[in-house]
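Structures for review follow.
Each of the next two complexes has subunit A plus one more chain, namely subunit B in the first and subunit C in the second.
Then we have the complex of A and B:
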């Protein structure tokens, strides 16, 4: 069936989002192209005078070569990639045998044609004291790339920034890029070395294409991203896709994205990497690195080159050619006297820091698109994902990576009913809330919720205990909103959003001594942590809780303190600032309680919550006792309103405390912890 | 190691004058000097710029120098050769070694790991008539070398570049890089990654144009170890992949086995180990020192030069 291409009113697919357009394209929308008609697409491209370059099987890999017929495409082939490993498999059963693009990227990229390995530049002549250089004019072939993936299009955009971003524009690249037509194909499978998801470049194709295909078993969803693409669509037999086909395409993309996961933590990567000029890991990786430069030459964004001269024997004529080069070669950073990067570790460091850090300063983007070629085609399997994690580890974020809160929208307050009101001290009350969204009891120790009573400002309140179908919030009367909340009767409802923020990284303490230090209401966010430890007590060594309050009457959760000490073998030590007549325990700051002789800081993990000044003093003492900064965790208080990193109030250095915290390690906070005025 | 100019100063040569060139050979197959004759398109230019005063493969006219440029092929494997190269060095303003034998010892340097006397006894009926050194060693171990052009055989294009550089009075522009770069420029699919074929390309100096991988074979290391060649790193990967140490060692035990760091890998992994029971199996296999000290060998008193080309064969 041949449909007349017409704009469709409702279209779930994005179309050419990045391309500026002044009028609607004639074939806007997503169409269906039967598999048998893919040949017509190739024919039409060839009819336009283009050489069609597409994937084909050669020498044990899927390479890019001229494709005149669908039969030259890798029908039924699947690739398997791992560090230093690439194999092809021919599938002969079922739908897999007819899939054309069920593989990811091969060793070559379009770079080979937009920035060829050898480009003639000029011919220099010297005659009777006169010197002439005749440039070689670019002669770009009219090409059509069939089957470019999202990461490869992203790579072209990275090279566009390098070669076309100015101030100087490379004429050869410009001519080649303009002469190329791009038929993108969305990945239907995930490769073993892919990480486009981390670099934000794929797997979905969203821009930079003339046509984009999504392969289904029976054919392709196709959309145009440019006028040239739309013109070509108009010459193809298309039909409207069914809802089922659109759904299957969406599911396919989601499957690929899920299969790749998020292998490289890119948040703050530039700064993390640039802080590691002296990492011992550079020398360690250099023992494995062969300096063979394969990573840079398979990279679709690496642009380094050298000019090679070939002169005749009397030096009168010399041809100059631009040749792919690499920062891994000896001559690359050489001057008379030696190389600036003589050691292998220098060269690996140059490459990695350029790709993931300094490239951003130069070109406003990572130099990596996550295609994974440098991993697969490293002959000794060096995995940049692993090296990045080792050299510039992600900040010791408290627990799991940032998660989207279940009830997170800025206006998404859900009701919860007050089942019980428990007065803890003169000014502090615990509300037991039930009949609430299941996301709240499913939260993790250390997380908080935004609480709202209409007409009062929303407040961030830590969850102080989890029950299967309820949570507790412990609130101190510090102003009108808190006073109003704790004055509510049983049965009244309040609004909740969350659970929000990071949690205490209890897994870091497995098999170790645990030190919990807290003051005043700071015990509230720690109580779920102590509950969790008590519930699996045998997974930890000595557990000590040090708790200070202003007076004996200000001690919270007195029954819990007794139960933890008696039933859970948690050593509970209490102190107060001012003793009353019936207090026989210690008086003074909480760190005075530490029995320094009895514990080994190097074996311990500490969780600290209290007023910031108290936490600073505590951290200093814990460091003295041998705890490393990455094993001391604190929870910070800041002005929070949105709780999801969008309102800006709680910013602290590079962090939004609500989203990146409130639980941080001291290592992660670095110089901002305890610094005034941040 | 390849393409390393020594401290000798550049040729103070005025454009237009013909350079007096000699081509000599020691233990080798002649292939490298024939590369000079393979420069067919430029032979006329070459003889216009260079006066080939000694080149037995091409001309019967002989000369004992002095030379502006002496191209030396072959490794030093007899006492006569060891003595003669010292004399020739004195007669040559610039000395350029051509090929794997002259620059790395060549395939015959494998004897540096085994018992030379046992071999002589096994091969020759009257070994006492044969004067040979226990080792075959690169020219550099005997006399200073101005430039080493490696390869088995050398590349025509690189030889041409060296000649052009000598004629013009500049440094040869020979890229110091792995064979891999040429593979990638050619578009060859990596045989190691895609087919698990062991390949010396990552640690080998380029120059051949990456021929073998283009035909599905691993690189044999004909051009020798490249600058900063991480032979240990490559060997470690191949071993981790489950290959037998002797197999990995044998991979490095080719035309440039005696060049470090290949030499260390060959020694460590037993790349030249002979079949058990072989009459020439070295009694002290596993010795830390792979072969006789070449410097000591070279310093031994040599027999008088016999003259003629026989002494160099």
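Then we have the complex of A and C:
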């Protein structure tokens, strides 16, 4: 499956929930805290001996600092963020003037306190030829974070995996994390660079908090997520929220989610990105990148560090300190002989592929939580959302809404009547089926149906032609079931399910040259595509069909081939593997028909169907003619039984061929196409 | 059967590639003859001495092999841009199939012995001709392998 993290199952325990919840919390549920009483919350946290760290306005930004009173919070302030842009606005009218958390995230994150920029690790001493290293024991302050957002809590959980989830547990991080109390606040506004929705981290706060607040104009909805949080709730003046308040909170969350949308297509992102080591975009983005490392410094999950020595003047005592480092710096990948990532493009690629791909291999989750800081605080406004879309665009075919079959369930076979039986070749027969469910004639070129004759196993068969009230299936005798099907008389019924699977993306070919390469019975799933092209011929440039068969007698649809060439301006070229003296056409493999062609593949889209080996050879030739992998489409054959991605037989890498295919682009298939044993 | 004429134009010489130097071009042009065959004409015959190497500039030549009980079977056709009878340059200089024109065919033809002699004594010319020849034979070999797989004969599993 795609390596999208499934955090619910494997995530570390939410913070504060480590204590076993053996009895109901004293303050279970959602409560209302009046705005005037927020100070009491701060006071109670301070009474517990905690330093309260919260948002406050300084230097034109909302930063995290000690907060002793509500007045220090950004009351009435709103932030405006965009790539390379951050501005604060003070609002003085109406309810907006009293809102405390109407902003998203500032440049800092709790990382600064859970993983400080500079942490003493040990003190080394050298005395009379002897050396001693004494570790510095962590002495973290008791903190309370006030106002952490869902993405920041997710970032802490990512860091938990890094520092606590491996064989080595970082003692400093562990101590700091345990000493922190978290008061989360749900975002009431969406920032211009936010994409938590895409990363699955927000905007709703669902875990990892001691207390969670949702701000309303008149106060806060508050709930506890740990015993410590529940204990604190018990010390606050609370009332039950009204239905109206609960509704407004729900609507506020929905507004934020809708405003952010889904700007990063994360499905399959890891694999797409790892297929792009050689993208020209790396060099293009490096032209803009200043290598300033801002993105890694503001990132709430970046954890790379170096150890520095701070020495006394006499050189006998040195403090070893861990300091933040960045993969964008010149020295980061340096060895004695030089740097492994000397070019800016190498460093940007390292950073982006780590965040969105290799992090998953290392830590089981994306290294990005969608907070948008790296976009806002990039001095040249490089937008990771846009770079991901440019470097590793989502698969167009996979992005199509999955075809939900009209007649889908594994038992839902609907009868269809054989109206006509047409013998195409010695072993191949076309059945014209009518009196069928209207979903079947409404299918799309490239789709297939599951066909069943009771007592025989169901078979996947491509639809080889659509009529207003009928479909055609072209079947080759290859076993008992197919032999039985093509031996049925006119008037007999068979059972159908579908139409199933993806279709040929004809829209990709509009205004372009079309190249269709096929062999043997592979013309059957392509015939509806050629029909569709012929019906709207002026929407395409040159259309060329290359078709190979075993012998002249094995050529399918001979009348259609003539009509397409004569009436639809489709250049039809035929070849056979062997022929008698009466055949005057070409003899040889199908690629011989076009491997020295003079047309420019860069303007073309190709649709290919045939035995897989033939398709591999064809794809190689098409590439040489200039076709990019994302414009070469093939249809794959696999063992299929259910046709809807549930039985598992047709799995190919991360795809179910029946559900995600059978039509794929070569780009989408990546390394699995033509690979042995997949 | 065949009509020999002096080359009015040298269609087919481009087969030798874009980097053909003027000396080599002149040398090849002096040896080349344009030969035309009507449909049905036998251009060369399997097992016989290959006297003539050719480049198809128009028409189609079927390469046939005799299969007892099946008769003459066409295994490949040579189209414009293809070479025929490369056996004229490779020992033992015997044709490996029978070439029959199935359309009016025009060949740019070279006498096998004359071209071999030229290649033996002109290293620069040989350096132009042999890589092209090897490439053409290799293309044919790879295609033949794919053909040998008889991919359309029986597809694995059920067809659809």
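The rule is short, and it goes like this: the second predicted complex is superposed on the first by the 373 of 678 C-alpha atoms of A that agree within 3 Å, B and C clash if a C-alpha of one lies under 4 Å from a C-alpha of the other, contacts with A are read in each partner's own complex, and residues count from 1 in each chain.
By our rule, contacts are C-beta pairs under 8 Å (C-beta built on N, C-alpha and C of every residue); 3 or more make two chains touch, one makes a residue touch a chain.
Not measured: the values here are computed from a predicted model.
Enquirer: Thinking of the overlay built on chain A, is A:288 touched by subunit B (first), by subunit C (second), by both, or by neither?
Expert: first
Enquirer: Just to be sure I read the superposition right, which of the two partners does A:109 touch: subunit B = first, subunit C = second, or both, or neither?
Expert: Once the two structures are laid over each other on A, A:109 reaches no partner at all.
Enquirer: Kindly classify A:614 by the partners it touches after superposition: subunit B alone (first), subunit C alone (second), both, or neither?
Expert: Touch partner of A:614: subunit C, not subunit B.
Enquirer: Would you sort A:252 into first (subunit B), second (subunit C), both or neither based on which partner it touches?
Expert: neither
Enquirer: Under the stated touch criterion, which partner chain does A:206 make contact with: subunit B (first), subunit C (second), both, or neither?
Expert: Neither partner.
Enquirer: Once chain A of both complexes is superposed, is A:668 in touch with subunit B (first), subunit C (second), both, or neither?
Expert: After superposition on chain A, A:668 lies in contact with neither partner.
Enquirer: Name the contact category of A:44: first (subunit B only), second (subunit C only), both, or neither.
Expert: A:44: touches no partner chain.
Enquirer: If you stack the two complexes on chain A, which partner ends up touching A:503: first (subunit B), second (subunit C), both, or neither?
Expert: neither
Enquirer: Both subunit B and subunit C touch subunit A; at which residues?
Expert: none
Enquirer: List the residues on subunit B that touch subunit A in their complex, please.
Expert: 15, 42, 45-46, 49, 160-161, 163-164, 167-168, 170, 173, 175-178, 180-181, 184-190, 192-195, 199, 201-203, 216, 226-230, 232-234, 236-237
Enquirer: For a test of understanding, state which residues of subunit A touch subunit B in their complex under the given definition.
Expert: Within the complex, subunit A touches subunit B at residues 58-61, 63, 84-87, 107-108, 112, 117-118, 287-294, 297-298, 308-315, 323-326, 329-331, 344, 376-381.
Enquirer: Which residues of subunit C touch subunit A in the complex?
Expert: 60, 62-64, 71-77, 79, 81, 100, 102-103, 139, 143, 146-147, 149-160
Enquirer: Over in the complex, which subunit A residues touch subunit C? Could you list them?
Expert: So the residues of subunit A touching subunit C come out as 428, 448, 459-462, 475-476, 478-479, 481-482, 519-521, 524-525, 548-550, 554, 577-581, 583-589, 591-592, 595-596, 610-611, 613-614, 617, 637, 639.
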